[in-house]
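Next come two complexes, and both contain chain A; in the first it sits with chain B, in the second with chain C.
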Partner chain A sequence: MLNPVLTIAIPLGLSFLSVILKKKRGWVLLAAACANVVMLFFLEKGEVVIGGFRAPFGINLILDAYALAGMAVAGTLFLAAVLVSRDKAERFSTVLLAALAGINGMLLTGDLFNLFVFMEITAISAYLLSSAGKKPEHSFNYLVLGSVGSVFYLLGLILLYSMTGTLNMAEMSRLAGSMEPAALAVPVFLIFTGIAVEAKLIPAGGWVRGVLGNSDSLTGALFASVYSGAALFVFGRIFADVLLSEGAVQIVLILLGLLTFAFGEAAAFRQTSIRRILLYSSIGQSGLAAMLFATGLIFPAVLVIISNSVSKFVMFTTAGKITEIHGTDDYRELGGLFRGNRLIGTAFTISALSLTGIPLLFGFYAKLNVLAAYFNGRNYFLPAVILILAMVEGAYFIRLLIRLWTPGKEGEEPDAGAATKGTGLFKPVGAAVVFILSMAILAAGLLPDHAGEFISSDGGLPGGDAPSINLSLTKGGQ
Partner chain B sequence: MIRIASLLLILIGLYGIFSTRNIIKILIGINIMELGVNIFIITVGFVKDGLAPILSPDSLSSALNYVDPLAQALVLTSIVIGLGITALGLVFARKIHAKYGTYDLNKAGGGEDA
Partner chain C sequence: MSIAVFLAILIILAAASFFVTAANKKAGGFATVAVSLFALAMVLSMKGSVGGEQSFMYLGFSITTVGWYFSVVMLTAYSMTSFFNPFWMKKMIYPAGYNFLYLVSMAGTIGMFFAGDFITLFIFWETVVWSSAFIIQQGKSRKASYVYYVLSAVGSMATLFAIMLAYSVSGTFVIRDAFTGLAGSPGTALVVFLAFILSGLSKMGIFPFHVWLPEAHGSAPHTFSPVLSGGLVKMGAFIAFLSVTAFPAYEIFGDMLKIMGIPAPIYFLMLLGALSIIIGTLMAIKQEDAKRLLAYSSVANGGYILIGILMLDQVGFAGGMMHLMNHALASAAAFLAIAAVAYRTGTTKMSEMGGMIHRMPVTYLVYLISIISMAGIPPMGGFVSKWLVFQGLADKGLLFIAAAAFFGSIGSFMYVFRPLSAVFLGQLFTRDKDVREVGFFMMFPMVVLTLLTLAAGVFPNIILRVVTEIQKSAGIEPVTLARNTIVTTNGFLDAFRVFIVFGFGFAIAFVLFIVRRKSRKVGLMDTYTSAEFIHTPELLHYSHSFYAPFERLYDKAPDTMNMYKKISAGIAELGGLVEAVFYGGKPAKTIFWIMAAGMVFFLAGGVFR
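Our next item is the complex of A and B:
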């Protein structure tokens, strides 16, 4: 069995090595991404003490089923992104390797300040990646929001430290549980704002439009699935495990999630650029996941994150490639595009339909879990809102799909349109990766119980001083 | 007192960031804000008449009045991160200047559509 710390140390070490091995850095990156996925199968679950100081005095890493699920999603999609756009990824090898280390660290750490450090590593690599879009002003915007967010996070963290005297998550969770909820309100909101930047939630998601709206096949996939998936897992760790809120604070958090969800879906409906549709839909899904975490529904939230990350990966890489080849991603000009690219078209369609919650696809299982969990809790307002917004989502995705499959207007003779030029959006490897991921959505949708078991596979932890998220216990209704 | 001053610095920094569209001034705002947080962290660990948290012949007992060393360690890390962010921000500032010939975000097209 391997020590989980290796998943941080190896990419970080190779990141420095890749500076020296300039010629071979693409291979170093690929090897690290593959090794990261392979390592996931052999990691030893439980707590790792760093530096010989036991928690709560030292920093520890926690590998439970929740962290493992996060690492599996982020790691697999990271590898997929590197495989699909290897030429682009090679330029950013050093940055990407540091990002991988940061993401794994973020998901593993059991210490709030350590989390801050890993979030900064990830964020700085994200600023650098965003500069690939050739729009430095958007990267700068992102950097400003990111650093304001991190200052807020740090301030909230230090307030908590002065109240409880610890930075360890498990200890903090224990101490915060016995405190007045009102006393926690200020640090909770400060930390919320800090994480909201990366998780694309409403008070701090202003950078998304500029950065993701100009993303290419590599950065779009990374930002929309790898980074945002990891950030949401961190959000869940903090707000559904360490700082459980109740009363007014919880209601405000739920409302912020709901507002983000509604804003994202409504804004997506009005867009005509494929990437814009996708980015607003991503904001919406992040809001949904945050709302679920704030309500305490961990398993449905994890399903939503996984379903959204995989679907968005397929769709953003495709949209990025479309833009590179056709020079535009306005779907009105791309009628019939998928006729010449049936394989990718099918993958894109499966992903979009899964997000809208069509039965037999994984997204349906996720939505069903969300609704069942809310109904079990005798909550009928939030499911109603979710269903209405799901209809909006269905409407714009189906409009988009119809246009991309059928050239010309209804009843007219179809002209070749975009179908003739640019067959073969991807190189074979990229096409295979994208197609396999969409097949995974289909397979997981056909066998939802196996998928659910797989995700929540037993994460029992030794000792009582670990954060308490254990997916198999918090499973919602199915 | 110092604690209030540090919170004031954070607010000044925040105002600086959102009241101007000049890239360099925004970066200065970020730095003021980070400075405020760093001072705040130090005040959390401060103990009046406290000793340096080092075991020495003069202070052998752990029961003495030590200053909290953890806060200082946090500030060290936070300063380094702040430095990295500032450096990267300046790189973006140079890139924007090279592309648009201005340090004004409004003129650099940061506000309008992509």
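Our next item is the complex of A and C:
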């Protein structure tokens, strides 16, 4: 069994090494990304004490099912992103390796200040990556908001430290639980803001349109799937495990998630650029996950994050490639694009349908769990809102899919000659990765209970959260 | 064979048809014929195994008579329509995808009708929705597919909400148990009832969801419109059936306000059905396109089916259940006839055709008989079922609904005969003088459907016997059937005797037709126009703006589509506002909103605790 600290130390070490090995840095990156995924299978569950001081005095890492789920999603998609766009990733080898270390650290750490450090490492690499979009203005905006977020987070941490005298998560959770909820309002706000910048939540997600709207196949996938997924896992760790809020503060947190969800979906509905549709849809899904975490529903939230991250990975890489090859991502000008790229078209379609919650795809299992969790808690308003927004989501995705598949003027039979020319959006490796991921969505959707058990395996998630619904118990024919 | 294995085989065969089509288009088309006929034969042979419960992984199935009946209706539409597929493959942009989705959606409908629990029901329901949405876009319109999908989604989401709500109260997804568990809480039951039936309403094209039918039926590939109208619309009837039988609606709402003896929620739905009859009829009268016209007639017929099923009584219910079979047969045949004409002429606009009877006499007969059935004229099936619905309405004294039903019946004369006279009768266009009748392979399904329509009208008890079994399983008194008569409180109907009378009348008319001197045929352009030359035959077509004076009575009526357009524009507007306010790209703005959120948190912590 391997020590989880290796998942941080190895990428970080290789990051420095890659500066020296200028020629071979692409290979170093690939090796690190592969090793990271392989290591996940052999990691030792439990607590790791760093430096010999036991928590709450020292710094510790905690590998539970929750952290492992986060690392599995982020690590797998990181590897996939590197595989799909190797030429682009090579230029950013050092940055990406540091980011990988940072992401693993964010997910593993059991210490709030340590979390801040890892978040900064990740954020700085994200700023650098965003500059690949050749739009310095957007990177600058991102940098400003990211810095504001960090300062807020740090400020919140200081307040918490002065109130409880500890930075250890488990200890903080214990002490904060006995504190007056109202006293937590301000630190909760400050820490919320710090994470909301990365998690793309309203009100702090102002940078997203600029950065993701100009993303390429590498940065789009990284920002929408890897970074955003990891940030949401951190959000869940803090607001559903460490700082459990209640009363009015909890309602505000839920409302902010709900607003992000509703506003994101509404904004996505009016877009014609594929990347913008996707980025607003990502914002919406982040809002949903945040809303679930704030309600204390961890398992459904994890499903939403996984479902969204994998789907968005497929779709953002495809959208990025489309932009690189065709010079535009306005779907009105790309009629019948998938006619020449049927395999990728199928992968894109499966991902989009999964996001809208079509049965037999993983997104349906996620949606069913979300609904069941709320209904079990006798909450009927939020599911109704979720379903209405799912309708909006279905509408804009089906419009996009129809256009990308079928060329020709409205009111006439489809015209194969009018299809957007060009085949081979991806190189073979990239196409294989994208297609395998979409097949994974299908497979996990066909065997949802296995997927659910896999995710909540070994000791379960914080708070003992388990699947809200077991599909094998729903059938009638017994 | 268990249902799960059967469905798995169908999915595998669907995938196989994909690869066959990729290799040879025409062979792929024939593959769909073979597979859908196989499915029909399998389901027909399942009649004996009714009553079993099966499960496979997380899917639960329950073999019921009603599921069997619906499957037979559906597979008749699918298998008969599939005979057209091989000839249309060259016009499809994705022939392999079309065949695959055609068979997947077919398998989906079977799975849905035999579902034992709501999750299974929902899974197959959605499978049918997306697979058919991807077929429709291969027709004339992309917008049609979008409208279809969104309105279906409205229904699906409402139904999912109802399913989960029922589950949260009664703790099970098993169809009957989940609903009967609601008996203790009528308030929740009302929400579940109205939300659950919504998907049925939207699928059947009940007002205000009817807007997708003219779009989708009118623009879908010609080989899929018959399935949509003859088959998929009936999925909505299945949901309506579950809403009043599995869901004990009359018992749970028994203590509620009653309107004319019917609990208010059910009466409200009947009114929607009545509105659909009126709107469908009036809109059908207006149409210039034969397929859109038939689509609106499906709206009206959906109204009859819904009203019949909701009555849940001895006679009207039987009428509704039988009408869905009759309408499936007739509308599939009518759409196929129009498709056959379109195959030869390339158009479905009525004013661009005429005199097809001289070139396609069999297609003419098929169309004639199916519209006679749709209008409810003896001796066709549609007459019997409408007669039963009217009997039921009269029995219960449901005055307003009956008025709408009669209006629709009379109005249907106005619209169904229009394509008949415009497309088939009248003068032949010069450019159509070389048109031939379609080949045997396309003629075969049309003739079979026509004969079935006639058989349903002459021997209605064959279908009604199945319906009585359904009535028994639903716990209501079955309709009284004598040897070949249907007995109700107001009288009886001997369909065979009606057939003899009509046959006799037909024979006399036929003799007169033979004996009488032949009329002189005049060419379409052979006309006097006071020194003006007319070169476009369409302008001389007498069916152009046929009912203009009548249409003027209601041409200012609001269009339901505008409502949806407004909602859509509203969402887009909200999206624009959100973009400008939160994602404008100015960090200062974002920081302003962060501070505003801070104020809210501060207040939440201090003031509202």
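By our rule, the second predicted complex is superposed on the first by the 448 of 478 C-alpha atoms of A that agree within 3 Å, B and C clash if a C-alpha of one lies under 4 Å from a C-alpha of the other, contacts with A are read in each partner's own complex, and residues count from 1 in each chain.
Keep in mind that, in the parts below, a residue touches a chain if its C-beta (ideal position, glycine included) is under 8 Å from a C-beta of that chain, and two chains touch if they have at least 3 such contacts.
Quick caveat, the model's predicted, so the values are computed rather than measured.
**Q** Please indicate which partner A:Ala268 is in contact with in the superposed arrangement: first for chain B, second for chain C, both, or neither.
**A** A:Ala268 contacts chain C only, not chain B.
**Q** For A:His138, decide between first (touching chain B), second (touching chain C), both and neither.
**A** In the superposed model, A:His138 contacts both chain B and chain C.
**Q** Between chain B and chain C, point out the one touching more chain A residues.
**A** The partner making contact with more of chain A's residues is C.
**Q** Is A:Ala319 in contact with chain B, with chain C, with both, or with neither (first, second, both, neither)?
**A** neither
**Q** Which partner does A:Ile59 contact after superposing on A: first (chain B), second (chain C), both, neither?
**A** neither
**Q** Does chain B (first) or chain C (second) touch A:Gly210, or do both, or does neither?
**A** both
**Q** First (chain B), second (chain C), both or neither: which does A:Thr406 touch?
**A** A:Thr406 sits against chain C, while chain B stays out of touch.
**Q** May I ask you to decide whether A:Ala248 touches chain B, chain C, both, or neither, giving the answer as first, second, both or neither?
**A** In the superposition, A:Ala248 touches chain C alone.
**Q** Just chain B (first), just chain C (second), both, or neither: which does A:Gly394 touch?
**A** The second partner, chain C, only.
**Q** Where does A:Val84 make contact in the superposed view: on chain B (first), on chain C (second), on both, or on neither?
**A** Touch partners of A:Val84: none, neither chain B nor chain C.
**Q** Quick check on my understanding: which residues of chain A belong to both its chain B contact set and its chain C contact set?
**A** 137-138, 141, 144, 148, 209-210
**Q** Applying the document's contact rule, which stretches of chain A touch chain C when the two form their complex?
**A** Against chain C, chain A makes touches at 137-138, 141, 144-145, 148, 152, 181-186, 188-189, 192-193, 202-210, 247-249, 251-252, 256, 263-264, 266-271, 280, 339, 353, 358-360, 364, 368, 371-372, 375-376, 378, 380, 383-384, 387-388, 390-392, 394-395, 398-399, 402-403, 405-408, 410-414, 416, 448-449, 471-472, 474-478.
**Q** With touch defined as at the start, can you tell me which chain A residues reach chain B in the complex?
**A** Touch residues, chain A against chain B: 113, 117, 120, 124, 127-128, 131, 135-141, 143-144, 146-148, 150-151, 154-155, 158, 161-162, 167, 209-210, 213-214.
**Q** Okay, in this complex, where on chain B does chain A touch?
**A** 10, 13-14, 17, 23, 26, 30, 33-34, 37, 40-41, 44, 70-71, 74, 77-78, 81-82, 84-85, 88-89, 92-93, 95-96, 99-100, 105, 108-110, 114
**Q** Quick check: in the complex, which residue numbers of chain C touch chain A?
**A** 53-55, 57-62, 91, 93-94, 115-120, 122-123, 126-127, 130, 133-134, 137-143, 145-146, 149-150, 153-154, 157-158, 160-161, 164-165, 167-168, 173-175, 219, 568, 571-576, 578-579, 582-587, 589-591, 593-594, 596-598, 600-606, 608-609
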